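The following pair of complexes shares a single chain, chain A, combined with chain B in the former and chain C in the latter.
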Partner chain A sequence: LDYQHVQVPFEITLWIMLASLAKIGFHLYNKLPSVVPESCLLIFVGLIMGGIIYGLNDRSPPVMDSDIFFLYLLPPIVLDAGYFMPSRPFFENIGTILLYAVVGTIWNVFGIGFSLYGICQVKAFRLQDVSLLHNLLFGSLIAAVDPVAVLAVFEEIHVNEKLHILVFGESLLNDAVTVVLYKLFRSFCEMPTIKSVDVFAGVGKFFVVGLGGVLVGLSFGFTAAFTTRFTKDIRVIEPLFVFLYSYLSYLTAEMFHLSGIVAIISCAMGMKRYVEANISLKSHTTVKYFMKMWSSVSDTLIFIFLGVSTIGENHEWNWPYICFTVIFCLVWRALGVLVLTFFVNRFHVNTITSKDQFIIAYGGLRGAICFSLVFLLPDFHRKKLFIAATTVVILFTVFVQGMTIRPLVDLLAVKRKRESAPTVGEQIHIRFLDHLLAGIEDISGHWGQYYWKDKLEYFNSKYLQKILLREYDQPKSSIVLLYEKLERKHAIELAQAGQLGHGPAHPSFLSSSDRTVITDQKLEDTPNPDVLDNMQEILARNLYRIRRTGPAYNRHTLPGDSEPSERAKEILILRHKSL
Partner chain B sequence: LDYQHVQVPFEITLWIMLASLAKIGFHLYNKLPSVVPESCLLIFVGLIMGGIIYGLNDRSPPVMDSDIFFLYLLPPIVLDAGYFMPSRPFFENIGTILLYAVVGTIWNVFGIGFSLYGICQVKAFRLQDVSLLHNLLFGSLIAAVDPVAVLAVFEEIHVNEKLHILVFGESLLNDAVTVVLYKLFRSFCEMPTIKSVDVFAGVGKFFVVGLGGVLVGLSFGFTAAFTTRFTKDIRVIEPLFVFLYSYLSYLTAEMFHLSGIVAIISCAMGMKRYVEANISLKSHTTVKYFMKMWSSVSDTLIFIFLGVSTIGENHEWNWPYICFTVIFCLVWRALGVLVLTFFVNRFHVNTITSKDQFIIAYGGLRGAICFSLVFLLPDFHRKKLFIAATTVVILFTVFVQGMTIRPLVDLLAVKRKRESAPTVGEQIHIRFLDHLLAGIEDISGHWGQYYWKDKLEYFNSKYLQKILLREYDQPKSSIVLLYEKLERKHAIELAQAGQLGHGPAHPSFLSSSDRTVITDQKLEDTPNPDVLDNMQEILARNLYRIRRTGPAYNRHTLPGDSEPSERAKEILILRHKSL
Partner chain C sequence: LSREDFQRIPELAINPLGDRIINAFFPEGEDQVNFRGFMRTLAHFRPIEDNEKSKDLNGPEPLNSRSNKLHFAFRLYDLDKDDKISRDELLQVLRMMVGVNISDEQLGSIADRTIQEADQDGDSAISFAEFVKVLEKVDVEQKMSIRFLH
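For the complex of A and B:
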């Protein structure tokens, strides 16, 4: 037996296997996941595993290594989030999201930090040795909402798209703020004196870290799109580039101390539409599938490890500090959301309702990022207290808030995601309105989002597409692509029912298609003459049944028996033509 | 800049990126890969890279780590090979393959070992310090044909299926022999005296290593199939199990010093048909795609690393030893193939022609396995000589033999792979003959391959399918599956041409379908009544055009103008029914 030799890959494989089997196990009992979020179940499995390891070895089980978390487990989840980000609601609410992510997070960091410092001044609690800087450092790591935890819970409760993107977008973009504040306070902790210059440098860093991440991400994304132009003869490695370039963007950003999360999201969002157009359908299925698979495994491993790492002896228990941390986390977030939303609602027609505000505040879950950051803290005598407080906050938010948010959403009757997909008619109207608004903004000289979107589209079709797409002279509109997709789906269904060759496709079919097909086909292109030609042609060829439903009045014939035969003849002629 | 932190994943990603870009580069110039095999080009890239590294650093570039090779690079390639192994020709020729793999490899090991020892006795060559055992050890690592190299070259020359499976199957199954002999001689080298007991134990080990590998592989394979029974609600992690279980089988086998290659191949072949039936179509596309992608990347990395590792100062040059190694490798392989084929041909009706024998002997390429094994040798004063000889043999076989084998195949007019896929008619005949032969063997009391195949099928449908398949009561015949697949493909094509709804599918379509669709749909199931019903039903529904080609004679009507209209009416009725 030579275990040493294969130990590393063997144990990794076994952990992944355990995670996957746990997932299967939950889904075998359908009732369980509908009551308890999967993340809670996984942490619970982790707690049991940790208990077993602790019981058998009589020493603390291994904690999740922060390097492993940031280098290997986090990127797949963020990549998946960025790649499948619904871009329309994201960009429509980008201002609000940024406000929550930047101002909201700073508000929380300082709110929690200062009020915990206040608690430390109470002599009865015996916490006077925790300095203000340490409290702020702790605040900077505990304040940020965690994308992994938010995704795990919000995926299951199906709130409306806007609410979802507000919470989820915030949790992704606050990474830049967290990185800056955390590193700033950590370096302050190690400095003997702090000059005011350092504070200003810190403020400047926000922009460098955030915008730098976007820049790194976009450049890798466009390189990826450019690379897939040349993979026509070697389809099999196409999916690889999507993963390689986005991972490289993350690593590069981390290397330069920029925000890796922001980088990988910009990379994914930047490359998506070009890569999709360049690679084959099967490659794309593989990309989507593998991304989902990978992120789901990472996610599972993270929660299991969270549970395992909780067990052990690296906690220092101090009731007041821990309880007040939980309370301040809740209070400051609620206050922040209230104040910020007040300003947001003054500038928007579509306001955020008070129910939505409550869910935004309540959905501020903490997760593995805080946990990894607290272990990365430099050693000082109260580190174990911080670890304990972080663990409690994470468990409290994931278990209590995560498990009660679904009943609360039901109770408050929060607006849900619409189940049916928008019809082609609706989509055409949405696009029409976009153009109309862009026109109005242009005429009135208002540089609003539609104006910029229009300009971006122009730039895209004029320059980017020509460089990044393999067949840039035929940019198919997404409506045409959608139509083709539905036709294909319909054809497959007919073939599976053994009924190919009978029944032309008709648009009423569109309403019965499931929503997943349509959501990734958002309308983002401007229609151009040849697309319109295309549409007309396709519709003309396939709307046969609708054209014939009300037969035209004709003096010489009567609508009667001869009709079906004539109709059948016409079908036959069409068929012969097509063969 | 914090490079240390991200170094490991960053460098791995960059190497993979380099490999993928190199692949794209070759395919941009279509002419190059048609003359020079890709493996040669990749080694060449590696040589250049190695030269650059050597020039810049002034020290030997890093050699390919044997652990990385055996634990991470080799398994994907072997998994891919096992999963896509054409099982029919493999099992039809299993006897011949085993003979080549076991007896042939032993023959080569001892032939090369003893004759090199003979060379060492020549005083002028100054090699007298290389003992017989060391020569045999060297023989054991240099004798085995390499699956990676064989696959890379034979995939491009398209020889007939039997010839391909003979060379490729040998290269896979000889792993068991190589493992045993290599470890045996290595331990002999370290022992002070060798008892005859040890030699007999070595012979016994063959069976343990080989059959143990098969056993480990099959048990993991069946567990994988069993696991995928329960993934209906969580499709997204289905592909994962295929990879996890097969990798575990490899690692487990390696852990117990069994043949990992044999294990992973048995695992892949054992699970394939059950997993395919259990998982969704998209999961299966992902599995296939990712396997191909992964193995292609591994393959590329291996050849590039081979090139990089060649450059450097770890060679000891001794002209006679190196030249005679190359010559003996060629001569003993040719002799072995001749002698073994003589015996094989005496027992088979389908003999192996002398042209085929030449290609089998000439296709005995060496590759990265030898290279990794030679670096794993315990340190002794002539290790560098062995490294040099191995490198030369690999480069000689890959470059000289790999580049000339295609012209030779053309020159000798070796029978090629048939380009067109077998029609459904042919497939039905093949299956019919299988049953007929099984019956004849059963009656005559001859326990031949058809008899065993029949028994295995019976066991499979009676027990295995019930345990391993989710819906075991509806085992669809592969002919029906094939038909459905073609229908679906046809439907998609029609939909893409915008012509859905016109033209029923007809069997003549089968001949125009490309061969890839059909080759992975080999006929392996026994037909049962409900499958036959199914077939009849589908054929009856779709053979409309054939039924009508010769109109039946009827006293009361004339074949004439009225005919198409009637026919059209019938189509209409059919269509209405189906709607």
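For the complex of A and C:
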């Protein structure tokens, strides 16, 4: 029995297997996921496993190593989030998101830090040796909203797109702030004296971290797009480039002490448009599936490890401190959201209602990032107290807030997202309105969001597309693409219905050889579509808007995958009758 | 203001719908628009305030209501003002929006599909009510609003 030889990969595989089997188990009981979110169940499984290991070995089970978490488990999830992020709502709300992420997090950190320091001053709790700096350090790691937890919970409750993107975008972007503050306070802890110069250096560092992350990400993204321009003959390894470049951007950013999460998100968003135009259809599907698979596995593993690590002797239970931590987290988040929303609503047309505000405040879940950060703290005598407090906060937010958010959403009747896909007509009209609004803005001299969209599109078509797209002469407007996709589906349905034989000759809208032809009523053969002049289509972003019937971002399904076939069949039958 | 004044705005020259937007400012058959007319057209794009909604249900609807906003957009499509968007009018707008390199047959198919999706009374044209219905899921109030002068 040569266990030593295979021990490490064997154990890793066993953990992943356990995670996946647990996932299957939950979905077997249909009722369960609607009441209890999956993350809770996974933590529960982790708790059981931890208990078993503890009972068997009579010592603490393996604590999740922070390195493993930050280097292996977190990047797939963030990459998945960044790649499938619906860019239009994201950029429309970018101001609000940044405001929440930056100002909100700073507010939370200082609020929690100072109030906990105030609690420590009370003699009855025997906490006086926890200094202000320690409290601020603790505040900085516990204040950040966690994207993994938010994703896990929010995708099951299907709130409207704007709300989803606000909370989600905030949780992703506050990483930059968290990284800076955490490192700042940690180095302050080790310095004997602190001068005001250091504080200013800290503030400056924040900009460096954030912008540096974006730059690193974008440069890797564009390099990836450029590389895929030349992969025409080796289609098989195309998906690999996407993953390699994204992971490299994350690691590079971490190496330079910049924000890895921001880097990987900007990499994914930057390269998505060009890579999808360059790689083949099959590679594209592969990329999507692999991303979903890896992020799913990571997600499950994180929650299970959270549960496992809770059991053990790592904790010092000082209940007043812990309870006040939980209370302050909630209170400061609520206050922060209220104040910030008040400012946001003065400047924006569409206001964030108080129901939305409540959901934003309540949806501030903490998760595994806090947990790993607390383990990374230098060993000082109160570390176990912080670990205990972090564990309780995470468990509280995930279990209590996670389980009750769905009934609350129903109770408050928050506006849900629309369930259907945009039709061709809708898309045309929306594009029409975009042009109209851009024109009106120009007339009134107003620099609205359409102005910047215009500028970006101009820059894109003039420079970027020439460099990064292999076949520059093939960009199509999204209206035509949507139409093509629908027609392709119809063709597939027709073929399945065995009626392809007697249709009339069809014009082919698509030029590349690996796509099927379409049936239609028209008889002529059209030539291959020539160069589309993109200058007229300045406002056509989202070249590949896929027809979607579900929420824009979903952990478990790919966008555009969930049963449009029934609808297509109906439309097809109706059209055939009208022929 | 005359049409030439509008056409001097450079961004409008590259806007596909530039000419139609300019025409929307000028009332029937005239070549000059004064400040009042200019303001009236731009008033369609004022954001809808909450406190105005409950005000005056008996009087005429304010210019920036959802229905009037949509009507403004509808009139940009409907050149001959017969309260319907015919296939030709739709084709013209599509041609303006997608450029010169899609063939007429493709464009025709797209137009046919659009009309087919929207058409409910079978007249192969989109009436205002059908237009409204197509856009009922789109947040028009927010999309067609510009916060002027704040």
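Note that in this section the second predicted complex is superposed on the first by the 493 of 579 C-alpha atoms of A that agree within 3 Å, B and C clash if a C-alpha of one lies under 4 Å from a C-alpha of the other, contacts with A are read in each partner's own complex, and residues count from 1 in each chain.
Just so it is clear, contacts are C-beta pairs under 8 Å (C-beta built on N, C-alpha and C of every residue); 3 or more make two chains touch, one makes a residue touch a chain.
Here the structure is a predicted model, which is why all the values come from computation and not from measurement.
In the superposed pair of complexes, A:G425 makes contact with chain C only, with no contact to chain B.
Of the two partner chains placed by the overlay, only chain C lies in contact with A:I443; chain B stays clear of it. Look at A:L240: by the touch rule set out above, it reaches chain B but stays clear of chain C. Comparing chain B with chain C, the partner in contact with more residues of chain A is B.
Overlap of the chain B and chain C interfaces on chain A comprises residues 537-538, 575. On the side of chain C, the complex with chain A involves touching residues 6, 9, 11-12, 14-18, 21, 42, 45, 47, 73, 76-77, 93-94, 96-103, 105-106, 108-110, 113-118, 131, 134-135, 137-140, 142-148, 150. Against chain C, the residues of chain A that register as touching in their complex are 347-350, 418, 420, 423-426, 428-433, 435-444, 446, 448, 454, 477, 479-480, 483, 486, 507, 509, 520, 522, 524, 526-527, 529-538, 575. If you check the complex, the residues on chain B that touch chain A are 1-3, 5-6, 9-10, 13-14, 16-17, 20-21, 23-24, 27-28, 30, 67, 71-72, 227, 230-231, 233-234, 236-237, 239-241, 244, 247-248, 251-252, 254-257, 282-283, 285-286, 289-290, 292-293, 296-297, 484, 487-488, 490-492, 494-505, 537-538, 541-542, 564-565, 567-569, 571-572, 574-575, 578-579.
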